[in-house]
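Per-chain residue numbering starts at 1, and chain names A, B, C and D are given in the order in which the chains are listed.
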Amino acid sequence: MATAYHRIVGGSVHRLSAISDGIFAVAMTLLVLDLHVPALQLLHAQHALWAPGATGGERQLWHALVALAPRLGIFVLGFLTLGMFWLGQQAQLDHLARGDRHLTWIHLTFLCAVSLMPFSTALLAEYETYRVALLVYWLHLLTLGLLLLGALRYAERAKLFRSDTPEGLVAAARRRIVVAQALYAVSVALGMVNTYLSVALIVLLQLNSAVAPDIRPLNRF
Amino acid sequence: MATAYHRIVGGSVHRLSAISDGIFAVAMTLLVLDLHVPALQLLHAQHALWAPGATGGERQLWHALVALAPRLGIFVLGFLTLGMFWLGQQAQLDHLARGDRHLTWIHLTFLCAVSLMPFSTALLAEYETYRVALLVYWLHLLTLGLLLLGALRYAERAKLFRSDTPEGLVAAARRRIVVAQALYAVSVALGMVNTYLSVALIVLLQLNSAVAPDIRPLNRF
Amino acid sequence: MATAYHRIVGGSVHRLSAISDGIFAVAMTLLVLDLHVPALQLLHAQHALWAPGATGGERQLWHALVALAPRLGIFVLGFLTLGMFWLGQQAQLDHLARGDRHLTWIHLTFLCAVSLMPFSTALLAEYETYRVALLVYWLHLLTLGLLLLGALRYAERAKLFRSDTPEGLVAAARRRIVVAQALYAVSVALGMVNTYLSVALIVLLQLNSAVAPDIRPLNRF
Amino acid sequence: MATAYHRIVGGSVHRLSAISDGIFAVAMTLLVLDLHVPALQLLHAQHALWAPGATGGERQLWHALVALAPRLGIFVLGFLTLGMFWLGQQAQLDHLARGDRHLTWIHLTFLCAVSLMPFSTALLAEYETYRVALLVYWLHLLTLGLLLLGALRYAERAKLFRSDTPEGLVAAARRRIVVAQALYAVSVALGMVNTYLSVALIVLLQLNSAVAPDIRPLNRF
């Protein structure tokens, strides 16, 4: 009787996709709130570029912007990371015949972790030489990976996938998540030596995953 | 004549679902704006983890993050709460054959209360030992529940549900809201003694509702 | 030749609806960013409610929240206003067979005005006794109304409405906008005497439009 | 084997459209966060407009708002720019039969640049007399244009367009992007003399592109 409610909620994969797209879109755009326009005490007079002294303020502004570059790098990293997980979630949702209450809650938990990503990204941007910040970022990536894996496993067991789902899809998606997480773990372990090394490696992994070059063995991840 | 306008607006359940997903997505992600990266005066030099003194700053950052834990807990509570109401609203919208002007306004009022949730959640996070904060949070939950109940009642009377709506859906959805609200009321009443007890109970109720274990009588809520 | 581009863009009413829902959802939720949790210097110790002195801090917090009430009222006004314009735009978009480049730009201009609404609303909340703030708010409402009217007129002339559009829809929608704008103008004119009177009248107009009671002549607006 | 994953992700043009609409909607609305309600020390007493001294505060508020006008202008420029790119992207997505992994990543990179637009716009608003700010804004426009061009080229080569795509669409879209970018480059080059001239020219180009008057040769861009 009471479980009737459990049977009527969460059936719509369309709505789950819609709220996922919304949360990813907001989280991806909120990342940029961490990028502040530099506050300089500059004169706001208009001079032709060749006027004497015109380039002094320009140079100051330029240096202030160059100083923002690492933060911009972290922002792009955060965006790529969310993009990758969005694609990973989409690969699952697009092949579901229907959802159910449990699956919806697994995905809502995943989305909760997604909405926290701007925090972990800002933490890494602020404390990029600290292992604690790197560790938090990695635990976050791990959580996202495990939740996607859990959603995959549950959907398979509860037979929620469409009958025309390409054979091997579930296995391929699972292998993909496991390999990516293993590489993240290795990258973060190298952070014991130098955190910039870790961040650079994670960026390269994301780029490789985005560009997906047709070179073996790079295209296997 | 003039009522012609009333007849032409609000008919699209699809658009109502879309703006609901949008508002829930933004409200759920805005919750995290309340989580600030700790501002510490730390050196930003790169040392290997085994270099002497390298762990001092790490420990400071770690403590600052641990201090954020209760706030993170409240954030997760806010997210779960909104997720639950999103599911509750979806359960109704997914079975509507069409909307009308009145139903749309009931749902817009519901969405107005949804968009205020980040405020109540931040209030509870800031003043977690104060009954006034707990009371505001509870009044907010109650308002959301009553509006969902009102929408259900109205949709039933105006015969807006699809003819293939499973029998007992309306009754199950109504019972679900009433039971949840009764349990919230009891939890909040216990806050007279200790507010942490209330918050802990509400979290457990949300978790039970999310996990929906197959154990009687827990699966009845 | 070059106009080929003009012929290929803006044809999708679905995409226009989607970005409209997104912008309305964000604008409606951003309104709440103006509501700040009061910053009080209160102890955060846990006492049972009947412990001596336990109610002092509670009372302080309560007064701080009560002081927020007018701001909350303005927030609800902003939300209702956006809800009304969202419904008004939906009434048009839902009956379009297709869009075109010009119509899309009229609606994008409308959405630009929508995204500015949190600014005008915050201005009115901050300077609620100033005619200038009221005037800005009213000019904003007028702009939104005129743009909707322009979109309606253009869609009619360019024959973009579906052939099954109910007869009289365009006339009803036009009358609706004109009547609402006339009432806003009267309300704002009364602000010359007292601005609270204006705001109260606008709130009543919005509520009447939301509730749409079956009482003549109230149901004509 | 591993490439199986590459074959299963990114196929849904619908999901790509949905996240694009979301990111554009958030970015367009975030622009306004840069518009702050002026903070004045004014009395909040209610006087009839003809009461002596009632107009003093009004005048102060009016001047503060007038001072915001350039910033509002930049905001509208930012909104128009994003609107134009949204239309440009839509023109492509609406004619795709399907997506693939590479195309999705090109569009995600495009969306990453879109989400950074509030930053460049705020930079230009803050330092409107500085060439560096103008240069950053222009590089941003150029990046957006190049990414759209890349997406177009890739979709054509990978034969992702629907078979009923109007002939000449790809050529028209490409010409459109190239012409617009050439005009932006000329406008920015004039900024060497005076940055206001550049901004005014860019605004005129955007307006022309939005209004698309039926006058030769203006309707060719």
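Keep this in mind: a contact is a pair of C-beta atoms (placed from the backbone, for glycine too) under 8 Å apart; a residue touches a chain by one contact, two chains touch by 3 or more.
Computed from a predicted model, the values in this text were never measured in an experiment.
**Student:** What chains, if any, are shared contacts of subunit A and subunit C?
**Tutor:** B, D
**Student:** Looking only at residue numbers at the subunit B/subunit C interface, is the share used by both copies over half or under half? Answer same or different.
**Tutor:** different
**Student:** Compare the CA centroid of subunit C with every other chain's and tell me the farthest one.
**Tutor:** That would be chain A.
**Student:** For the two copies subunit C and subunit D, what rotation in degrees overlays their C-alpha atoms? Round to the nearest 5.
**Tutor:** So the angle, rounded to a multiple of 5, is 90 degrees.
**Student:** Measuring centre to centre with CA averages, how many angstrom lie between subunit A and subunit B?
**Tutor:** It comes to 24 Å between the two C-alpha centres.
**Student:** Distance-wise, how many Å sit between the C-alpha centres of subunit B and subunit D, to the nearest whole number?
**Tutor:** Inter-chain centre distance comes to 33 Å.
**Student:** Using the touch definition from the top, which residues of subunit D touch two or more other chains?
**Tutor:** 18, 21-22, 25-26, 30
**Student:** Provide the residue numbers of subunit D that touch subunit C in the complex, in ascending order.
**Tutor:** 17-18, 21-22, 24-26, 28-33, 35, 37, 40, 42, 44-49, 57-58, 61-62, 65, 75-76, 79-80, 83, 86-88, 90-91, 94-95, 166, 168-169, 171-173, 175-176, 179, 210-212, 219-221
**Student:** In the complex of these two chains, what residues of subunit C are touching subunit D?
**Tutor:** For this pair, the touching residues of subunit C are 1-12, 15, 18-19, 21-23, 25-27, 30, 101-102, 104-105, 108-109, 111-112, 115-116, 118-119, 122-123, 126-133, 136, 192-196.
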